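After this come two complexes, each holding chain A, first together with chain B and then together with chain C.
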Partner chain A sequence: MSNILEIRNLVVSFASDGLKDRAVAVNGVDIDIPAGKTVSLVGESGCGKSVTSLSVMGLLADNGRVDSGEAIFGGKDLLKLPDKQLREIRGNRISMIFQEPMTSLNPVLTVGRQVDEALRLHSGLDKAAARKRTIEIFEKVGIPEPERRYGCYPHQLSGGLRQRVMIGMAMVLQPDLLIADEPTTALDVSIEAQILRLMRDLQKDSGMSILMITHNLGVVAEICDWVYVMYAGEVVEKADVFTLFRACAHPYTRGLMASLPRMTPKGQRLYNIMGTVPNLRAMPVGCRFSPRCEFATERCRSEKPPLTDLGDRHLCRCFDPRMGGDAT
Partner chain B sequence: MTELLRAERLVKEFPVKGGVVHAVSDVSFAVQKGETLGLVGESGCGKSTLGKLVLDLIPPTSGKVYFNGQDLSQFKGEKLRTLRRGMQMIFQDPYASLDPRMSVGRIIMEPLNAHHIGDSRAERKAMVQALMEQVGLRPEFYARYPHQFSGGQRQRIGIARALALNPELVICDEPVSALDVSIQAQILNLLSDLQKQRSLTYLFISHDLNVVRYLSDRVMVMFLGQLCEMAPTEALYTAPRHPYTRFLLEAVPQPDPTRRDEERALLTGEVSSPVNPPSGCQFRLRCPYADAACAAEHPALNEVAPGHFCACHHPLTGT
Partner chain C sequence: MVKHIAKRILVTIPVLLGIVLLIFFMLQVVPGDPVTVMMKEHLKEDVVEGLRQSMHLDDPFFVRYYHYILDMLHGDLGTSWKLSRPVTGLIAGAFPYTLRLAVAAALFSWIMGIPVGIISAVKKNSLIDHLSMGVSLFGVSMPVFWVALILQNTFKNVLPVSGVKSWTGYILPTIVLGWSSAGRIARLTRSNLLEVLRNDYIRTARSKGLSPLKVITRHALKNALIPVITVMAIQISSLLSGAVITESVFAIPGVGSLAVSAINNRDMPLLQGTVIFTALLIIAGNLVADILYSVIDPRIRVD
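Right after this comes the complex of A and B.
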C-alpha cells in the first residue's frame, strides 16, 4: 500500500529566552501514513506529538525550527517547500482540526462565511455556489438546520457543533489527509462518540487518511489502524492497533495501558509509572525512558536502544522488549 | 455505617437574561462515613454546582445540607467556619487554583493560619512539612513556587492544602482531568491511600466514567440538574436502569480495538439548555423510549432494586 505522507528523521528544536541551547522536542521521528488509513500519534504532554504535526504543516511557533528531516507528500518535501506552495497544500490537500474549536474559529465572522472563505480561496467558486456547497457540507457533518447555522457566530453554537463546523471546514476541499490534534478532548463523551463516528464515516466515503494526535488510548482503539507511541520526543513503539492492545512490548506503552483505571477493582492499586517525563534540556544519555523503567539495566542507562522490528512491522525501542512477562 | 452528609431537596437557580438556569433541581442524597460517592454527568449538568452547594460556598435557592447531622443553614460566621473545617475541596485545575505568588509552604499553611491552628509559626511549618511528605512532596520544596512544579505535583499541593484542616469530607471536583494518564494513576493511588489512612469520605465529581468506577462505592448520574440514577458502582456499570446512564456508558471509547465494530446505541442531538428546560423528564428529548407520560410528569427517583434508584417512567430491565 502506498503512503500518502512519509516523515523521515524529523528533528525539531525550540529556542528559549536566555538559554543558549535549543531544546530538542522531536528527535529523529519516522512516520508513515498509508492512503485511506488512520494513524495515531499517542503520548503524554510534551512528548512531541503535536510538534511533529505542526512542523509538517509549517505551523511551528516563531522560536521553533526544523533542524533536519523530510516529509514527503505527493512527491514533494513539505519541509522544503516555499511558503506559497505550502499554503496551496495546506487547507487544500491537507487539513487540520484542533482540540478547542472556539480558539480556532474567528469569533467575529459567521461560521458559514469562514467555511466559504476557505472554499473560495482554494476552489475559485463564486459566492452563491460556495454558500450552497458549505450548506451541503454542514448537512454532511451532521449539523441540524444547516441553512440557519450558516449565519450563526461561533459563540452561538455548542462545543459539539463548533467541532462539526471545524470538521466541515476541513472536509470541504476533500483533502487527502486530515490531521486531527485531540479533536474530541474538549467534548463530552456523548458528543465525542458522535464525532469519532462521523470521522470514521467521512473516511469511508472519501478515502482520506487521518493523522490522529491524542493522549486517549480509548480514542486510539476506537478509530486508528496504526499507532505510534511517542515518549520524550521519540517514537518508542509502532504497531497495528490490534497488536498494540494485545501485545504491546515497550515498558512505557505497557505502563500506560496498565495505569488505565478500566478493569482494576476498587481497593486495588493502579499500576503507575514512577517519576515524571524528563526535561527536554536534560535528556538521559541512554534510553530516555530508563530513569522511569523498572526493568532498566546499566546498558539502558548508557546506550541508546534502536527501534527494532519484532515482526509484522511491530517496532519497539527497547533492548529487552516484553521484559517481565506478557503485557497486562 | 453513620451518615456524614445529607442533601435534602437541593435546588439552585441562577437568573439570567431571558430566563432562569435550573442548575440543580430537587436533588437529595446521603453520604456515609468512609465511603466514596461518585458523581458523573456531562458539562452543564450541575455536578460542580452541587459540589459547591454541599460546601455552602454558594447558597441554595431552597433545600438543606446536613453535615454530621447539623443543618448548615442554621450557622453563620465563625460557627459556620468551624463546621466547614470538616469539609474541604480539591479542584480540577492545579494551575488555576494555586496563587502563583505564594510559596508552596504558604499555600498549604494558609488554612492553618485562617483557623488559628498551631501555637507558633514553627509548629505550623512542621505541620505543613508533614503534610507535604504525606502527599509525596519533598519537604525541602517548602519555599518553592507553584510554577516550579509539574501538573501532578501541583495537584499534590492542592491535596495537601485540602487536608491541612484534617477534614472528614473531601469534595474532589475533577481532580485528575487535567493530568496525563501516568500521573493520573499516581494521584488516584494517593487519594485512595489517604482515604484509608485518614478515614476520609469523598464526594468524587468527574466526567470520566472509568475513573469514577475505579474509585467509588456508589455512583450518582446527573442530567440537566437532576439526579437520574444512583446505585452501588458495579450495579450501575453492569446493569444501568436509566436510559441516559446506558447511553453514557456505551459512548465511552474503550481501550479495546476488538470491540470497536460492536453495534452501539449513540445519543443523538445536543444537550438541552438548562435555561427553561423541557417539561417532565429532562432527558425525554433525547430518549428513544420517551412518550406522553414523560412529557407530562417528571419521574420520581424510585428504588428499583435494593439501594438502586432510578428516575424514569420506563426503566430498563437491568440486564
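Right after this comes the complex of A and C.
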C-alpha cells in the first residue's frame, strides 16, 4: 500500500529567551501515513505530537525550527519546499483542524466567509459559486440551516457547530490528508462521538487519510488504523490499532492503557504513571522513559534502545518489550 | 441598533447638565469682580451696583444656573463681557479654524500612526521597529509647546510660523498636534497586532494557505484595529478641544485661543461657553466611539 505522507527522521527544536541551547521537541521521528487510512499520534502534553504536525505544515511558531528530516508528500519534501509552493498544498491538499473551535475561528468574520476564503483561494471559484459550495459543505458536515449559518459569526454558534465549521473548512477542497489536532478535546462526550462519526463518514466518501493527534485512547480505538505512541519527542511504539489494544509492548503504552478509568470498585485508586515528563533540556542519557519505568535496568539508564520490529510491523523502543504479562 | 444608539444619546443628557453645573460652580468661586475688571477702577459705587443688577450678578446661584440652562437650550451662551458680542457667535466664528486643525492633525496621526504600527509589528525588533517606536515615544512624551517652538525655529525660513492666512500655515501646527496622537496610535496598533497575531485563528488562516500579507490584512488587522478605531474617535474630540496650546503658539484664532483670551480677561461667559462647548465635543466623541465599536465588532452588536 502506498503512503500519502512519509515523515523521516524529523528533528525540531525551539529557542527560548535567555537560553543558549535550543530545546529539542521532536527527536528523529518516522511516521508513515497510508492512503485512505487513519493514523493516530498519541502521547501526553508536550511529547511533540502537535509540533510534528505543525512542522509538516510549515506552521511552527517563530522560535521553532526544523533541524533535519524530510516529509515526503506527493513526491515532494514539504520541509524543503519554498513557502509559496507549500502554501498551495496547505489548505488544499493537506488541511488541518485544531483543538479549540472557540479560538480557531476569527471572531470578526462570518463563518461562511472563513470557509469560502480557502475555496476561492485554491479553486478560483467566484463569490456566488464559492458560497454555494460552502453551503453544500455545511450541509454535509451536519450544520442545520446552512444558509442562515453561512452569515453567522463564530460566537453565535455552539462549540460543536464551530468544530463542524472547522471540519467543513478543512474538507471543502477535498484534501488528500486531514490533520486533526485534538479535534474533540474541547467538546463534550456526546458531541465528540458525533464529530468522530462525521470524520469517519467523510473519510469513507472521499478516501482521504487522517492524521489524528490525540491523548485520548478512546478516540484512537474509535477511528484509527495505525497508532504511533510518542514520548518525550520520540516514537516509542507503533502498531496497528488491534495489536496495540491487545498486546501493547512498551511500558509507557502499557502505563497509558492501565491509566484508563474503568469499572474499578469504589474507593480503589486509579492507576497512574509515576513521575513527570523529563525536561527537554535535560533528557535522560539512555531510554527517555527509564526514570519513570518500573522495569528499568542499568542498561536502560545508560544506553538508548532502538526502535525494533516485534513482527507484523509492530515497532517498540524497549530492550525488554512485553514485560509483565497482559497489560489490562 | 437604533434603540441602542438612542439610549446612549439619552444617557448623555444628565452628564451634560452635571458638567454645566460643575463649570458654573467653579467659575463662581474664582476671585475677581467682573464689573471692576470691565470698568477698571474709575467708577462710581452706584454705577457698579446698577451694572451688577442688570447682569444678574446679585441673583442666588441656582437662579442664575437655571437661567443659564434655559438660555443654553435656546442656543444662547450669554454675552462676552469684554467683547460685548454673543458667545455663541464668537465660538461659531472660531470653530472652523479649530476644526480644520483638528481634522488635519487626526488625518496626519492616522496616516502616519497605523501604517507605522503595522510595519513595526510585522518587522518586530528590527531597526525600523526600534526607530519608529522611538520617534513615537518622543512624540508622546515631549510637551507640545516645546515641540512647537523647536519646529518653528527649525522651519522659520520655509514655512509660516504664525497665523493661518493660507493652508501652509496649518502644516506646522498639524505636525505639532498630530505627532503625539500618531505616536500613541502607532504604539497601540503595534501592540494590538502583535497580540492578535498570537491567536489560534491566525494559525487557522495560515493553515488555509493564505499568504502572510493576506493573513495580516484579512484576519489580523480587523481584530487589531477595533480598539484603535475607538481610540481614534475619542482622540478627534480631544484634538478639537486640546489644541489650546498649539493654537496660542501658532496664533490660530480658534476656540482654544478664544478660551485663553477669556481667561486673561476674566471674561466669564466666554470662558464658560468655550469650556461647555469643549465638554460637548468630548461627550460626542465618546458617543461616536461607543457606536462605532458596536458597529465594527460583531460580538458587541446588539441585535
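We adopt the following convention: the second predicted complex is superposed on the first by the 328 of 328 C-alpha atoms of A that agree within 3 Å, B and C clash if a C-alpha of one lies under 4 Å from a C-alpha of the other, contacts with A are read in each partner's own complex, and residues count from 1 in each chain.
The rule is simple: a residue touches a chain if its C-beta (ideal position, glycine included) is under 8 Å from a C-beta of that chain, and two chains touch if they have at least 3 such contacts.
What you are looking at is a predicted structure, and each value in this text was computed from that prediction instead of being measured.
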* To do: Once the two structures are overlaid on chain A, check if chain B and chain C clash or fit side by side.
  => fit
* **Partner chain in contact with A:38 - chain B first, chain C second, else both or neither** => neither
* Asked: Just chain B (first), just chain C (second), both, or neither: which does A:107 touch?
  -> second
* To do: For A:59, decide between first (touching chain B), second (touching chain C), both and neither.
  => second
* Which of chain B and chain C A:188 touches, first, second, both or neither -> first
* In the overlay of the two complexes, what angle sits at the CA centre of chain A between those of chain B and chain C, given in steps of 10 degrees? -> 70
* Structure fact -> chain A contact check, chain B vs chain C, more residues touched by chain B
* To do: Look at A:92 in the shared chain and tell me whether it touches chain B only, chain C only, both, or neither; answer first, second, both or neither.
  => second
* Structure fact -> Superposed, chain B and chain C have a smallest C-alpha gap in Å of 10
* Asked: Which parts of chain A are touched by chain B and by chain C alike?
  -> none
* Structure fact -> Seen from chain A, its contact residues with chain C in the complex are 57, 59, 87-92, 95-96, 98, 100, 103-109, 114, 117-118, 121-122, 153, 155, 166, 169
* Structure fact -> Contacts from chain C onto chain A in the complex sit at residues 199-201, 203-211, 218-219, 222-223, 226, 296-299
* Which residues of chain A touch chain B in the complex? -> 44-45, 144, 158-161, 188-194, 196-197, 215-224, 241-242, 245, 255-257, 259-262, 264, 266-267, 269-273, 276
* Where on chain B does chain A make contact in their complex? -> 42-43, 150-152, 180-186, 188-189, 192, 207, 209-211, 213-217, 233, 247-248, 250-260, 264, 266-271
